[in-house]
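Dropping the structures in below, format is structure tokens.
Same chain, two partners: subunit A is paired with subunit B first, then with subunit C.
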Partner chain A sequence: MSLMQENEIKFYCPQNINELDQIIKTSKEKLTFVAGTTDLMALEHEWKKINNLVDLNCVKELSQKIEIQSDGILIGAAVPMSGIINHSLIKDKFTILVEALQQVGSEQIQNRATLGGNIINASPAGDSLPVLNVLNAQLWIGPQKNGEFEKIQVSEIMSGPDETTLKTNKYIAYVLFPFPEGENLFWYFRKVGQREALAISKLSLAVLGWFKNGKIENIRISAGAVTAQVKRAIKTESALINKELNEKLIDEARKSLEDEIAPITDIRSNVEYRKQICGELLRDALFQVKLEN
Partner chain B sequence: MKPNPKNFRVDAAEKLHGKTQYIRDEKIEGLWYGATIRSPYPRARIKDIQFNPDFDWDTVTVVTAKDILNNYVSMLENDMPFLADKITNYYGEAIVILAGPKKDNLDEAKKHIKIQFEELPAILDMLESETSDVKIFGTNNLFKDILIKNGDLEVAKKEADEIVHIEVRTGFQEQMYMEPQGIVALPEKDRVVIRGSIQCPYYVKGALDTMFDGKKEITVIHVPTGGAFGGKEDYPSIIAGHAALLAVKSGHPVAFFFDREEDIQFTTKRHPSYHNDTAYVTKDGKILGLDIQMVLDSGAYCTLSQVVLARAALTASNCYYIPNIRIRAKAVATNIVPPGAFRGFGGPQAVFAIEMLIEKIANQLDLSPVDVRRKNLIGLGQQTPTGQILKYSVSGKETFEDVLERSDFEIKYLDFKKNNIPILEKLSKGEYPKQKRSDVLRGIGIAPSQHGAGFTGTGENVIKGKIRVEINKNGQPVIYSAQTEMGQGEVTAFQIILSEALQIRRDDVIVAEVNTDFVPNSGPTVASRSTMVVGSLLVDAANEIIREFQNRLKENGKIDFEYRQGYFYSGEKIISFKETAKMYSDLKVEKQYEHPPIIQFDDVKWKGDAYPTYSWAAAVAEVEVDPVTFEIKVTKFYTTHEIGKAINYDQAVAQIQGGSLQGIGYALYENIRAENGKFNVQGFSDYIIPTTTEMPDFEVSILENPYPFGPFGAKGLGELPLVGAAPAVVSALWMIFGREFNEIPVLPEDVFSLFY
Partner chain C sequence: MKIVLIVNRKPYKINVEPKRRLLDILRDDLNFIGTKEGCGKGECGACTVLLNGRRVNSCLVPAFQLEGSTVITVEGLRNWKVFKPIERAFIENGAVQCGFCFPGFVISTVSFLKEKSSPVTLDKIKTAFGGNICRCTGYTKILAAIQELADQKDIIDQIQEDWKNEFNARK
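What follows is the complex of A and B.
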């Protein structure tokens, strides 16, 4: 009863991508694309601003497709996270993604929430973003031009807290996860929240890398909720690449990461904790790698 | 799977299937919505209220302070207005209320009301209240000042080997019931009917009778209530008043349905507390004397703070026998949302404080925290600080020993200490603390607790709760009482008590809807009193029904009937309860409560039986702290409760688990602060309460030690599980870190700051 708002909303339910692109082409108004609506449900005051709602769940390709390609796995941006979590090949090849998604909200949320939604929300605390960054995820942006999607790196889409570079009436169609090129992968994901389920993170850290000839050949590091835009910690990464992993190096990397992030104090945590613990998580990640190699 | 296999909650199936109709589910013809304009300052003078003529004021109804006959909420002090008139005393205090059929239009109307304020200096720190030049209440901002003395502290000071001192603080806690506040007022000719999510319908009726100065008949009807925990004890009186004023003025039914944000920002919470305590102890840990000072931040208006303070003061020595004690307790006014009732009602603050003092005694004297507690536990025949001699149903020692043994406390205490040594060593040197992935810091903590069952002091004799049992045409007894079901299991408990006392089937007992036109005032549903106090009236009523039926049968047949297992029996005649009841379906039995004369209390001198009896508990918490992130998790929770008699065993276990989890939340998760008088949280996403994921493995044990005046020996249960949980958890943190923890909630950031 209290949820009733009295503005009219035109609702679109396109059945496939061509229909979707056609709606966009002919529309003169701003369209609001939604998938899981887990955030929209909680933002009652935003509802009034919506005039045209496009439900991407209707678009089968976007809400169902998980396709193995030669260079990686292509996932529809509107596939519910539980669909990704329960996919045996993803579990096998991209365990870090599955582990991160399992820590999003609760199982009920995972049954509705989508990668596309998490990305477009552009929250510094978005749970999947650090992992998407270390996996070098590629975003396919619609509508198609000459039958082609525009392709950008996930690191290019976030321009600030709750802000993206995506223009009006564009949408994320697919997320492509390229197979990591190295062997003997190591990875780490840790989300720190005030409780285990249904908590917005205080900070998180994703690390992915591999060794070659006893040295770190490549490493990608991305921290959540400690920078305005979730991105890779390039400086810290380069401090580690082509090095042998030892305690001294780990300590340097930890300090480097602490310098590379710019956390704030808010209701969930404070600067000191976020800064230090982010470094501690990297130390934890690298020590575990060291202990196991 | 069978639904609700043990059927221990008669209301469960409907709730689980979503069939229960809460107030928001009701279809009410012509319903208008209420809205509130609140103060944007912690303290300000209201200079003027202007209504912009550009708005069509015929589309809404507006009420301000000048429309109200008696503008105060009838409670203990009558100091709180329904709507602020000249001065507003807290951020969020209601100044103007309005109602209309459309929410959008209401929002628009709100924009066209302009209130001019002059901001005034405010009191935002409870410790500055008493000496502040700002006067919120009386001459010194004290809602209540209590002094309890027993023995002679000077003797303790002389004989003591050691003095141990601690300052302790506890924070606000929000009740976080699932259903936010919701009330509808329906206007009739000379009457207003209130329906809503209400814990104590007669409180609401009393408040509205006073507000309308008796010029309106008031009917209050309890609608299924989705949790309350004390949060719907005093607060509904305010919004019922608002809804009633708007309903009468507009002629429409008016609803106040708070959303979560409005609810968490402006309704009552647990009182924050400050404690400054000194113990005089022997070197082996015997407490000879205690000097306790406590302050409760009681907000802008008195609400129930005087009684909350009384319970806190009377619980200050927890389960310990202290020969010489002085307790000074003050409820002080601040310009913050008034706190009110919350499960435990002052007990959790008091028990947390003394348990931290005990930890400090053990720490300072290098004694085992178990031994210090054991040495001081109170027993049968000993005196409480009010001089009450415990004569029956005392189980502080039994619950303590039971939980120690069941949890293997002593062994784990040593094992965990050993486990922690290398991790702590590395942490203190700033080194990577783990040797293997699974390394964690492990702690184990213990705390006994008690809760005085029923009202404090003479409360029960003032209320004199009354119930009525009527026999209906089908030969079923119907219970009329003001006790409300809010998820705690009251209806089931009452059915069990009356059916067992009458030796009939539980299904044959009916509990009437709580409507103040029909049910007598059996007192509020608070203070862990429904089962023990009102339940005892049900047993009395059952006995009278049986006696009365025997008399009537005898009048009829001139022979004596014996009552056995649901049958009246005499020689060759036997007749069931139901058949008898159908014959005499006009029978009505009323019972009124008064303490047995053995229970006496002087609430001026604070001497005597502060509570008719106490329920006892002891909890052991096993805690893990992640050495990398300092995240704290309670993994195992053992608790032993002695509650006289468990009327509904499975529901008692559920209550103990739920209450303990709420206490764990109080200790580790629930963080809410007033920043310049404004709460810093909006709802479930930033006020973090434990979920099922945070629920530890529970090992619950219930001991029985009958209370002679309770139904089948039962005592109060509802609040006790929350009282001792927080100190047990924090005791485990003392054990891990060997450092003082004196404030809750303890967050990972706090533990982190021990090392960085």
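What follows is the complex of A and C.
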């Protein structure tokens, strides 16, 4: 382990997960985990104040590992997004994830930004969040207890804009993406922003599901940057499951989603606009699905 | 803290404040002033450099993550044979006015053309250069310059060769 101390600032560069966990166990201070620094350094004042840093890039398991397992793909929380975008199996099996990450900032940002940082930043504008939600992604939280990571769903750590419930000195080690159970998968991701690149997304919608015998067997819907928490739209989902997709149903789903979501109001756009656009996006998504099936 | 990093093929041993930005190290400590600061927040791309072969915003990279890294700035690209033709394409298309964004655009150009998947469409170029802002030209001429470069096989071959010389030769 290497520890660097300079003017009351401490830097840790753990070489593996055990060293990382050891640092956390012996530390009395609040630690700041550092990954791609695209959020941390963009806020200059905050950045100046941080003085106990743990660089997750040093931990190769977290910053490099993409592992195919029998039930899904395990991705280190500190792997840069471009590493995920350019992974051929992920492109093939989790196209919706690649599609969403390609819309984060710019390529310069994607070469540094990580999933862990995107989740913890927990801005409702986080582009990965709705997609992680519809993919049922599982977060592995450290430090390990008895050699095991704690495993939770994304929705369990979101508490509000810019907030997560992840406790002090806990970190995201991995994100597990289970292979979706269905065949004939359909998916949709759309981000409505101010400018194509670099826009803080005003609104995004992720939809994933599959058909069986002409009916929707399962569908998951999650909107980003709409509510303070990035939640699944469970009511709207149930209104669609086991149904045949037709124009009437699509219109009902649109209305249902508009009622179900409670948009936040901030400078980026007003309530009515958000509700409407969200409903329209779902309509667009379902029409596209209908055309393709 | 003491770190060693290689900038434009030359190793530097420097003593820096750990949270110092790569941008400041390049401009103020090592005098590579080709790299520019626009926004300081990752939005404009004027500070784009190649870090271990990938383009990043140097305003968002801290010193403590740089130990042993390789950095190429626009000055370093002057060693590349392809630099002249890129410069010419930009000038001949009228894609440079004040020139402030140019260093960032050139770094993004070599990075884009190295990874390019054919055919190169205007949409692909727009997406790939979304992180580079120009406040003078209105982009049309920049896009034309990049399209022109992307369509020339000898340029693409030259980039591959320059890239190999830069990154593989010294491993």
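The working rule: the second predicted complex is superposed on the first by the 281 of 293 C-alpha atoms of A that agree within 3 Å, B and C clash if a C-alpha of one lies under 4 Å from a C-alpha of the other, contacts with A are read in each partner's own complex, and residues count from 1 in each chain.
Everything that follows uses one rule, which is that a contact is a pair of C-beta atoms (placed from the backbone, for glycine too) under 8 Å apart; a residue touches a chain by one contact, two chains touch by 3 or more.
Bear in mind that the values here come from a model prediction, so they are computed numbers and not experimental data.
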Once both complexes are superposed via subunit A, do subunit B and subunit C end up clashing or fitting? clash
Touch check for A:148: first (subunit B), second (subunit C), both, or neither? neither
Quick check for you: in the superposed arrangement, does A:291 touch first (subunit B), second (subunit C), both or neither? first
First (subunit B), second (subunit C), both or neither: which does A:272 touch? first
Identify the partner contact of A:280: answer first if only subunit B is touched, second if only subunit C is, both if each is, neither if none is. first
Check whether A:192 is in contact with subunit B, with subunit C, with both or with neither, and answer first, second, both or neither. first
For A:183, using the defined touch cut-off, is the partner it touches subunit B, subunit C, both, or neither? Pick first, second, both or neither. neither
Shared subunit A surface residues [contacts with subunit B and with subunit C]: 4, 6, 42, 44, 106, 196-198
What part of subunit A is in contact with subunit C in the complex they form? 4, 6, 9, 11, 13, 34, 36-38, 41-42, 44, 47-48, 50, 53, 55, 57, 82, 102, 105-109, 111-112, 196-198
Show which residues of subunit A lie in contact with subunit B when the two form their complex. 1-2, 4-6, 42, 44, 106, 190, 192, 194-200, 247, 250, 267-270, 272-273, 276-277, 280-281, 283-284, 287-288, 291
Touching subunit A in the complex: which residues of subunit B? 24, 33, 102-104, 257, 259, 432, 434, 436-437, 628-631, 633, 669, 671, 680-681, 684-686, 688, 690-694, 747-749, 752-753, 756
Which of the residues in subunit C end up touching subunit A in this complex? 1, 17-19, 21, 40-43, 45, 48, 51, 54-57, 59-62, 64-65, 108, 111, 126-128, 130-132
